[in-house]
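The next part holds the structures, each set out as structure tokens.
Next come two complexes, and both contain chain A; in the first it sits with chain B, in the second with chain C.
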Partner chain A sequence: MKISCDKNVLLEGINIVQKAVSPKSTMPILEGILLEASDNLKLVGSDLDLGIECYLSAFVEEEGAVVLNARIFGEIVRRLPDDVVYIEVLENYNTNIKCGNTEFNIMGINPIEFPELPKVQKENTIIITQDKLRSMIRQTIFAVGTKESKIILTGSCLELDGNEINMVSVDGYRLALRKEILDSVYEKQSIVIPGKTLNELAKIIKEEEKKISLHISPKHVLFEFDECRIVSRLLEGEFLNYKHIIPKEYQLRVKVKVKPMIEAIERCALIILSDTQKHPIIISIGTDVINISCRTQTGTVYDSLDAETYGSDLQIGFNYKYLLEALKACECEEVYMEFNTSLSPCVIKPIEGDSFTHLILPVRF
Partner chain B sequence: MGRKILHCDFNNFFAAIECLYNPEIRDKPVIVGGSQEKRHGIVLAKNYIAKQMGVKTGEAIWQAKRKCPNLIIIEPHYDLYLRFSREAREIYSYYTDRIESFGIDECWLDVTESTRLFGSAERIAYKIKDRIKEELGITVSIGVSFNKIFAKLGSDIKKPDAVTVITEDNFKNILWKLPVEDLLYVGPSTKKKLNKVAIITIGDLANAPLSFLKSQLGKWGETLWYFANGMDNTPVAKLDYESAVKGIGNSMTAPRDLTTDEDVKLLTYVLAESVSERLRKHNLKGKTVQISIRDKDLMYIERQEQLLEHTFISREIATKAYEIFLKSWNWPKPIRSFGVRVTDLVAADTYTQLSLFENKRQKLENIDFCIDKIRKRFGHYAVQRALLLKDEQLNANPVEEHIIHPVSYFQ
Partner chain C sequence: MKISCDKNVLLEGINIVQKAVSPKSTMPILEGILLEASDNLKLVGSDLDLGIECYLSAFVEEEGAVVLNARIFGEIVRRLPDDVVYIEVLENYNTNIKCGNTEFNIMGINPIEFPELPKVQKENTIIITQDKLRSMIRQTIFAVGTKESKIILTGSCLELDGNEINMVSVDGYRLALRKEILDSVYEKQSIVIPGKTLNELAKIIKEEEKKISLHISPKHVLFEFDECRIVSRLLEGEFLNYKHIIPKEYQLRVKVKVKPMIEAIERCALIILSDTQKHPIIISIGTDVINISCRTQTGTVYDSLDAETYGSDLQIGFNYKYLLEALKACECEEVYMEFNTSLSPCVIKPIEGDSFTHLILPVRF
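Take a look at the complex of A and B:
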């Protein structure tokens, strides 16, 4: 294999595929990036659950392939001068990398053992814009479960019904639901995508109105966009039937300004030091006022802000992290917070429409 | 000004109390021992006559009987011993508020601040010794010194009913000739290590280079060297000080060797019920479950794993403990004793994050509380898991039968 390629183009590609490479693996070949030169240059990274392919424009003098350790190859290219990079694979996969006055020779690995990415039939395809998908992920990913015991909840559920698409994350204590409208109508279906995949995907796709295609097969999903193909295993099993959890009615509705609320909660959280003791913040809602207080071994704090309230007074406790993450994910100026009792979930909704729903279970105190 | 510390050690505590209550056996060899049927059959305490016959604390009852065929064996009465222990503390508290128990029959007293009221530390020691003999009818030996370690060594030097004073001037003469294993925390394995490098007495230890001990024993080497040189400044805890509980556990020597998974499962439930009952009693929840296994050749292992949530539900603890057991034991040998312990404790009822799934857990907690109430009213065996009916021998109640918990010198 013998190719030349612009340094920054190469680096961008490496940065993308590296997201699928685990730094430590039982198989050394999985700690590497596959470089495959034919018409252009293809980079591939994979950890068997998630695989990323990226096509770069490069001048291919001689076709071929090699696997290079992702960390070393990445660091080398990152620090090369901004110039054309020449890569040549010599005998025994010894690889020569040249750029400007710099020249490296590093050991490569035989690419024959590099696992092939799963083939996904392009029969069941959804098209969405990158910015929509990105915002759907960002507004729900924080509520993905982390417990190994409920594997299915370590992913987000993607639901299609007509031209509606929902993304839902639940970790047992809270739920984040995000709705979008698609340009076309699709068959009713739902899949569960691992949280890790979505996390990496959100970093790679851009805030642009460019299209991204999701090809869904029974076990895998393939994201195709720009010069990239991302294949991920799907989580198998029944996702939580979340719809009945979200209360339809409320006793108390509060119109809250998001930014002052976030700031007040962050101030209160300053005295919550212990992770194991999980001190709740106490939210007391009176007529047109929200009081936030907290008492821990460090001391006490008291804060209050104006709000429009509709309904009876209420006092309720929360894990501040859950409240904070939900409010931050709203990405708007004002929201409705809806309550029933001090032991039933709080629902956060937009003032208009139903593009998102956050649900948080309280802390009994 | 050095400190004035007393260490009071009851002489043959259990045996002395039994002899006090049974005058007819006072002139015979007596031991207090666990029940042989349940195989707790070791010598817990002995009187002086039994001691003269060569009976040792800790040996099996049949061994003791062989040395002394007319031995009188008495089952222990822990509630009685606890009462004497409490009454002794009452007497101590007349002289100081700094009293720290070390097990049921030993106490440290810091009388540094009391000497103006009651005279020298030695005088206080004699007063305490005489009052205990007069008021409780049993004897103590007391060590008086300037630190806890030496006071403890001192109380062992003259027994029974005696006072030994260890000062900064005489400790080298009196204590340094004692064998090194007399020192607190020098057990059989440390002794072996020390003897191997020609450290036989406490004096040898004190005179060994610190760096050498560190290389032999690690951090312990340093601690022991300080102990041997009288450089111990651990304070005597205040009377009302209760050390924070770090873990709650129970272990049990089974009445017969355990040979099947089913046996262990049964015992796991017995122990987990007792552990979780104590967790609930102290209003605690734990997250880490630990099991300990001693096989019939006394080989000992410990394994632990974490639960997802803090809990005091007996079923969750038992299930986890049994799960750990299945992972860590493939029956190379029958099991002699088995233990379950819960650590990583937090206060139980403070705050509960409500969950979408856990409606079941609230119910399980309520069941356990309910069982506690029934047992409190009608006795431990009033309500039982069906599993435990399979083998009545294994179904003991460790809560009532083991009330004395070991303590650590380091708080």
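Take a look at the complex of A and C:
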């Protein structure tokens, strides 16, 4: 293999495919990036569950392939001058990297054993814009479960019905639901995509209205956009039937300014974090006021915010972290918080529309 | 004690005195900041070796004092809204902190046992500008020793002679010397200031031409500037007699562009860092060229830079970290590097004048 490629083009490609590479693997080849030169240069990273391919424009003098350690190759290219990078694979996959007056020689690995990305048929395809998908992921990813015992909840459920698309994450204590409208109508179906895939995907796709295609097969989903292809395994099994746990009614509704509420909770967190026990924060809602308070060994904190309240007074406790993450994911200035009793979940909704629903279980205090 | 003070004034004071507070101490009172209200508000932090006092303009309604945990108090004030902060000490040193709609109550400590800062006579006083002192520290601090076995080398030596002031750090493998000219003439003397003191001092003083006074007593030095007083213990003993180890002559002098040289060494570092052994980097100097190379298990790297050379060819090995830190501390575009043999130290000097001298011992390769 003998190619040349602009340093910044190469670096952007490495930064993308590196997201699928595990820094520590039992198979050294999986700590590497596959470089494959034919018409252009293809980079591939994979951890078997998630695979990312990226096509770069490069001048290919001699076709071929090699696997290079992702961390070392990435750091080398990052530090090269902004110039053309020449890569040549010599005997025994020894690889020569030249740029400006700099020259590296590093050991490469025979690419023959690099795992092929699963083939995904392009029969069942959904089209969405990158910014919509990115926003759906960002507003739900924090509620993905982390418990190995409930493996299905370590992913987000993507549901299609007509021109509606939902993304839902549930971890047993909270739920995040995000709705979008698509340009076309699709068959009713649902898949569960691993949280890790969505996390990396949200870092790669951009905040722009360009299209991204999701090709769905029984076991995999393939995301196709720009010069990238991301293939992920799907989680198997039935997702939680979450619809019945979202309360339809409320006894008390509060219109809350998000930023001051976040700041007040973050102040409470100071005395919770400096304590060994996990104390709840107490939200007390009176007429047109929210009081936020907490008491730990470190001390007490008390905050009050103006708010429009509709309904009777209530006092309710929460894990501050869940409340904070849900509010931060709202990405709007004001929201409704809806309550029933101090033992039933709180629902956070937009002032207009129903683009998101965050549900948080309370904590006894 | 009952006071009020602007939040940002208070926060700036906390950020300064906190630099003397150890996050973990066997005496809880030393993890705290002393607040003392009389005419104005005094904040004090101390770890017994280093003490910092800061005077803030505040409205004092009731005189008094309390010690508050530095980390918690600092985090609370940092998170308060930009408004007036009201602090009141209640029964048992319980302390109430109010700002806007927020109110904290945290446990304070009886200030009676807070250590007093050592008194330093103002008989032997040196005046220098803050920017000069800051630059002297920054250009020498990296070469301060870390070995507990040579405690005197864990400080920098400050030497006065007439209107000349030198700061010198030595760690056994390298030396950094920085000279400045003062506005007045002083008696010949030298003291050794702990590296930690200088490190914190460089973070506090600003890049401006305002004066700072150094009051020197046999065991302490007091830095006085703006509204701050910093008292540090001095290190006792004889500093290394370093003057004879700086070569007066050279066989080979190279005029080096600092930035490209740093970048080339950083690229070499990539393959050194990814190896378990500490390999030296090899500098080969030919006619008007410097070649930098290194070989480790990970691979090889080779770089070349144009440079003006005066003298015969040489090949010499270095610990890349020492070379990198010395070059980064130069803070200029070009320097002279002077060599004798591959076993004798390299000296880095400015192109004009003698404001700094960096000396680095070579490594066999």
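Everything that follows uses one rule, which is that the second predicted complex is superposed on the first by the 362 of 365 C-alpha atoms of A that agree within 3 Å, B and C clash if a C-alpha of one lies under 4 Å from a C-alpha of the other, contacts with A are read in each partner's own complex, and residues count from 1 in each chain.
What we mean here is this: a contact is a pair of C-beta atoms (placed from the backbone, for glycine too) under 8 Å apart; a residue touches a chain by one contact, two chains touch by 3 or more.
From a predicted model like this one, the values you see are computed outputs, not experimental measurements.
Trainee: Touching A:103 in the superposition: chain B (first), chain C (second), both, neither?
Mentor: In the superposition, A:103 contacts chain C only.
Trainee: Contacts for A:79 in the overlay, against chain B (first) and chain C (second): which applies, first, second, both or neither?
Mentor: second
Trainee: Considering only touches as defined above, state whether A:301 meets chain B (first), chain C (second), both or neither.
Mentor: The answer is second: A:301 touches chain C but not chain B.
Trainee: In the overlay, answer first, second, both or neither for which of chain B and chain C A:71 touches.
Mentor: A:71: touches chain C, not chain B.
Trainee: Applying the document's definition of touch, where does A:278 land relative to chain B and chain C: first, second, both, or neither?
Mentor: first
Trainee: Taking the superposition as given, does A:266 touch the first partner, chain B, the second, chain C, both, or neither?
Mentor: Touch status of A:266: second partner only.
Trainee: Please work out whether A:178 is in contact with chain B alone, chain C alone, both, or neither, and reply first, second, both or neither.
Mentor: A:178 sits against neither chain B nor chain C.
Trainee: By residue count, which of the two partners contacts chain A more extensively, chain B or chain C?
Mentor: After superposing on chain A, more of chain A is contacted by C.
Trainee: Enumerate the residues of chain A that count as touching chain B in its complex and touching chain C in the other.
Mentor: none
Trainee: Looking at the complex, which residues from chain B come into contact with chain A?
Mentor: Listed in rising order, the residues are 308, 346-347, 350-358.
Trainee: Please give the residue numbers of chain A that touch chain B in the complex, ascending.
Mentor: Contact set of chain A toward chain B: 147, 149, 170, 172-173, 175, 240, 245, 276-280, 317, 319, 343, 361-365.
Trainee: In their complex, what parts of chain C are in touch with chain A?
Mentor: Touch list, chain C to chain A: 71-72, 75-76, 79-81, 101-107, 263-264, 266-267, 270-271, 274, 298-305.
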